[in-house]
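Take a look at these structures.
What follows is chain A paired twice: with chain B in the first complex and chain C in the second.
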Partner chain A sequence: MRPILMKGHERPLTFLKYNRDGDLLFSCAKDHTPTGWFADNGERLGTYRGHNGAVWCCDVSRDSSLLLTGSADQTAKLWNVKTGTQLYTFNFDSPTRSVDFGVGDKLAVITTDPFMGLPSAIQVKRIARDPADQSGESILVLKGPQGRINRAVWGPLNKTIISGGEDSVIRIWDSETGKLLKESDKEAGHKKGITSLSKSNDATHFISGSLDKSAKLWDMRTLTLLKTYTTERPVNAVAMSPLLDHVVLGGGQDASAVTTTDHRAGKFEAKFYDKVLQEEIGGVKGHFGPINALAFNPDGKSFASGGEDGYVRLHHFDPDYFNIKI
Partner chain B sequence: MAVETANQPSKLRWGELDEDDGEDLDFLLPPKQVIGPDDNGIKKLIEYKFNDEGNKIKITTTTRIRKLANARLSKRAVERRSWPKFGDAVHEDVGSHLTMVSTEEIILERPRAPGTKQEEVKVVGDSGQIGKPGAVLMVCRTCGKKGDHWTSKCPYKDLAPPSEGFVDKPASEATTAAANSTKGAYVPPSMRAGAERSGTEMRRRNEENSVRVTNLSEDTREPDLLELFRPFGPVSRVYVAVDQKTSISRGFGFVNFVNREDAERAINKLNGYGYDNLILRVEWAAPRSN
Partner chain C sequence: MSMEDIRASASRLGIDFSEVDLDSIRLPPGEDFGIISDDEDLKEEEELEFEAGFGNIIVVDNLPVVPKEKFEKLEGVIRKIYSQIGVIKDDGLWMPVDHTGKTLGYCFIEYNTPQEAELAKEKTNGYKLDRSHIFAVNMFDDIEKFMKVPDEWAPPETIPYTPGENLQHWLTDEKARDQFVIRAGSDTEVLWNDARQLKPDPVYKRPFWTESFVQWSPLGTYLATLHRQGAVVWGGASAFNRLTRYAHPQVRLIDFSPGERFLVTYSSHEPSNPRDTHRVVLNIFDVRSGKVMRDFKGSVDEFAIGGTGGVTGVSWPVFRWGGGKDDKYFARIGKNVISVYETETFTLIDKKSIKVENVMDFSWSPTDPILALFVPELGGGNQPARVSLVQIPSKEELRQKNLFSVSDCKMYWQSNGDYLAVKVDRYTKTKKSTYTGFELFRIKERDIPIEVLELENKNDKIIAFAWEPKGHRFAVIHGDNPRPDISFYSMRTAHNTGRVSKLTTIKGKQANALYWSPAGRFIVLAGLKNFNGQLEFYNVDELETMATAEHFMATDIEWDPTGRYVATSVTSVHEMENGFNIWSFNGKLLYRILKDHFFQFSWRPRPPSLLSPEKEEEISKNLKKYSKKYEAEDQDVSLQLSEQEREKRKIVKEEWERWISEWKQLQEEEKLERQKLRDGEASDEEEEYEAKDVEVEELLDVQEEVISFD
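Presenting the complex of A and B:
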């Protein structure tokens, strides 16, 4: 395959997200402007100007009308996807790290970093149908985990919230009462900070990537460990194919060490693993920095990776990818 | 004063300049032209522009439109395709190569050849340790078997003669044998036994009574080597080869003794001596090839 290179960002990529139909791709980077792209040919649709800090995460509503972004400028913003105009700004007292729309796009979970003595928190906001009625108050605030919460996503039917962060524990919270329901087992769980978390298409299981050089597949309801994928570099990003039983891990050595070693030592490939057999299928090279973000097109026929090198690489699979046998 | 004012109008004022080559002339340009896409999907876009020097230039951009096989787009997605650009994307130039197709063909690199099972690979890995490129050459020093086991794991360990660690060996027979073998061949007078050799010694001071030490551990430095060899007699030079780039020891060094006898004693004692975690190899340094 010949990947499409998109150089719209000046700084390292942080997050990638496809919309439901898979025709748009949204990219977030440490420069301040999230960008929308057409996912078929990589043409730039537009930029969402207004943030004043690194943008860590984004999510797009199911109907592709609203974009929610979380940034280090201590805000989360709602945007009109079509025009790029700001609709609403949620203000926080600390940088926001992750955002996720719930099923139905009426709720959003936003995590905030520990900052100036404030602990990290998971906040649930109500998203109004009409942006004019939008209010900034949180309907639920969850606190407790030590250190940064790198990712929080909604569980099935918005009944739970799943979070993972620097303390390397995955937690399942009741989204109604805010009670902590489950915590990942110390033995089975990750040994180092969790960098990414990604749900399966049907929301029955999810995958978590960690700096302990592994990714783990968990049952969404019971939080039992299903599979472990071990690799030889820290995992910064994980994605699951919606079409085949494949998972993709992205990562690489710490960005600070890149210049001190040979470029081959970095292992900046996106690694494909068989979801069930936990066996490596292959690697896709190309980035010259660690991979920070991965996303699978909802049709499973293409995937995008974003690296510390500032590039988004959009890969449309060759036909032979779909009948790879181990 | 009057002369000066007279001169001024002829000079170009930058304020006027600005107006002259502004966008006002854009209406003079031919309109944008789009040709195709034709049967092969080739689309031509012809644009006209003024460059910095005010010359009219024609920009032809040829693009190939590829249809994605089985691409199914929802009605909404098709509608989104015609959305107007916004933000920074509005002012995107033709020349700004924000989106490029990689010139490099990237393949999904399989960790092993397709079709081979992992079990097979494992079997090969077990038996053919040495066959693998880059694998450490595994040679047992006790029984001399290759690729089977390490010296410490040798099954014939007990049967082997005691290691030649710190035992005095008679001066190696190899050197005498070598001396014998040279019989019949021409030996220059200076090299003949009993010849006065001080002349050559003066010239090649560095190679005099030089002992080569190999299989040094990485953190052995010159002072360590000096400490090790000094008991045998006065040492004139110690040198440990260090990689220039990594500044890690390359695992060998040279020690020069003032007296040849001392060097010989050191070789006999220290060859095969366990130093750090490795077994030293100490021998006469071969003279430089050039």
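Presenting the complex of A and C:
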């Protein structure tokens, strides 16, 4: 079907997130306002005004009441999804790069960038049921990895935290003690910085995308490398279909390296791969710049992509898609 | 130290040698315990170069012997002579004297570079200062060599014959596959093109094999690599072994003779004096023995082509080989001359070059010792431009054609030497623009008839021209607009053998290059550069397109030597998408390999077929009979392949199922805990809600209106 073009951002997209019901889509961009959209027709629900820098990441609570956003203005903010009011602001000493609610939405993991001599960090915050009781205290701070940590997510039962970043290593940390439990193998792992990390719906495995032009599928508990998907371009975004055994990789030439030649030169396509056989199934073209964000609707019948071009494209699959055989 | 020695000393010291893991031994840095590493061989070679550190010193003999008073005057004279040639180092002129201060009749001169020294030697050896003093100049390094010449001649030792490897072993491949070499990153790799398995099959790989590029010899026997010290050829039955080395410092370019008997190497050297031109050194080696057959040295200007100058640098190859695969002649163009050498003696034929006033370009027939040369218009059009064919070694002019108001000519030989096409760009009457026509020579016919061919639209620009290899047809891309036309012509059709006739024109193609299959009949019409790698596979027998495809950003296209496959590649001129595709002759993509920093793709050439033309005809007539065997084989392979593929998929799927079931189980086990985390919210699953279509009807307004029917 023709994709729905959602033009609400003035700067490149950074992150996309569906709520659990799949009726809302939240988008973050380098302009300062995260935006909520209706996922079926692409109408705008509203914007969340208050950040003073690029917004890098967001997460929405299970009941779709809370939105957590992380921004380059050195804050992470909690919002009321419905009204768009700011509920709480977490202040940091450096830009926040990624946010993720734990199971039960009582915990959140927030990563901060290396900044002015400060090293990057993974911080765990408690999220109060009533925003009035919210405190900014970190229950746990993890440090160690070199360079930016581009993504950190919760493992099963909030027992572990999985992180990946510029040093191209995936790490599993104990979320109680802060101990480093596992590191991805140098040989098998990524060769260049990890740009994105996305969990499966049941949180048993996850996929990581890297600038080394590949994406890898890992077991969440053992950090066993299950699959590798190789492509021709640096991977900026990855997503897994909750319905079929498909994964989508998005990316393209680095924005600064995009030349004035044919837009095809950049390969700004969302590429579909068979999750099990690791073979390419097809691609969805359309963006005029690298794809920075990808998200699957939880029903698996549509997906959204956000690009350096500032557009969100909402794709509802044609019936043919569900009968692809390779 | 050999392995035996090590074992012996180990047993002496009471060490169980089999327990020792040799790889775990690490020597302290900078310490080798007297063990020579395998690379030592290389180091020694380099040292040899250092030894020749006196290479920039010459010895000048036969100087006048003068007393002390005249010393300075003589020194001044010598300095004047020799500083013209190059920069003499400070204190670089030394004239020894005896105890009375009388000179001894010789002196030493040290230059900045060995090249200058060599030039000085060449230029002044035999220089007449006056009647009784004729300079004898030698390289300082050579003196030692001359001293060592034994007084008595000793017969050279005969080295016993050791049978070499079969250098053409690759031709005996059971599956009749072809090889190619690729260079990506620091690795150079030779691979089989296993089209049946849809993947390449590795043969030999070596990192840092060459310092610039690699090149196959024309018959595919050797692979040549370039290094700082010279060129090396590799070959052999199973692996690529080093066969012969050709010393030529800073070699830049190489060229094999068509029969691969000789190798021409080229280097150009920066002059120490920036006002001088670059010095050029060319060596011609015998490929098998590695001996220098002849060397040429001089300034760039002497080797620049095209008489009239203006273009700096040397156009490669400097020497063009003629006379087919016998490697009998080679020639180069100079100012107003063409110098043809023969390889018996490596001297000019008849001891002199062919004088051709103002000659611009020449080319050899690929099969016969015939030269075609082009001379542009002279005297403002008073003397017409001319293309002539010259027979070698008789230097007899076979045919000549005068052409008027010519701006440029280009010559294209057909691969059998049957035809020569000369593309002639002529000025229009206003002299403001040019238009193009062709002069077609039928070399093998009596008196060499010439035919003029002009395109239907005279103003069309010619973008590309190509003869069908071994055939009678040629293809031309022409047109002015961004989508040019492509026309095919035949030198002889069934009802018209003596005249050229047009077969067809296909209009509006995105193409700018033509690649005929080496076997003829098929052609790839390619749109490289701004056309982004459009490919059209065209059958010229049937005059129909077999397939169109695209290899985005493709930079190079090469047919395999049998004409069965086509390789298209994106080399590192582009940052992205580096790698190559292999296509079948009819445009089916067989496989695609991506490699970052991809520099070079080159098919290994094959020697010409040993079958007689009659036999070849017979085979193509009874192709069905012959191909049966291969078809069966192909089918077996493809069956096997799909079987393998199915098997592989099954395994992969099973493995995945195992993971899934494990995850399910874990998920089940953790269910309760997860519920607790969610404050008792029971469901993991999403099925708790269902979508309902609710129709709401709202009555907005009711109006009654009477409509009357007529």
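Methods note: the second predicted complex is superposed on the first by the 323 of 326 C-alpha atoms of A that agree within 3 Å, B and C clash if a C-alpha of one lies under 4 Å from a C-alpha of the other, contacts with A are read in each partner's own complex, and residues count from 1 in each chain.
Basically, a residue touches a chain if its C-beta (ideal position, glycine included) is under 8 Å from a C-beta of that chain, and two chains touch if they have at least 3 such contacts.
Keep in mind it's a predicted model, so treat the numbers as computed, not measured.
Bringing the complexes onto one copy of chain A puts chain B in a clash with chain C. When the two complexes are overlaid on their common chain A, residue A:Asp21 makes contact with chain B and with chain C alike.
Of the two partner chains placed by the overlay, only chain B lies in contact with A:Lys7; chain C stays clear of it. In the superposition on chain A, A:Pro156 contacts chain C only, with no contact to chain B. When the shared chain is aligned, chain C comes close enough to touch A:Gln253, but chain B does not.
Between chain B and chain C, the partner in contact with more residues of chain A is B. Using the contact criterion defined above for the overlaid structures, shared-chain residue A:Thr228 touches neither chain B nor chain C, since it reaches no partner.
In the superposition on chain A, contact of A:Gly283 is made with chain B only, not with chain C.
In the superposition on chain A, A:Asn52 makes contact with neither chain B nor chain C.
Taking chain A as the common frame, chain C overlaps chain B at a single listed stretch, which among 1-9, 379-387, 451-459 or 631-639 is 379-387.
Residue overlap on chain A between its contacts with chain B in one complex and with chain C in the other: 21. Chain contact summary for the complex, chain B toward chain A: residues 68-69, 71-74, 76-77, 80-81, 83, 85-90, 92, 97-111, 114-115, 118. Contact residues on chain A toward chain B in their complex (touch as defined above): 1-8, 21-24, 33, 35, 37-38, 40-49, 63-64, 82-84, 269, 272, 279-286, 299, 313, 315-316, 318-319, 321, 324-325. Chain A makes touch with chain C in their complex at residues 20-21, 62, 102-104, 106, 156-158, 202, 204-205, 219, 221, 226, 232-233, 245, 253, 257, 262, 264-265, 267, 276-277, 298. Contact residues of chain C toward chain A in the complex are 532, 552-553, 575-577, 594, 649, 652-653, 656, 659, 663, 666-667, 670, 673-674, 677-679, 684, 686, 689.
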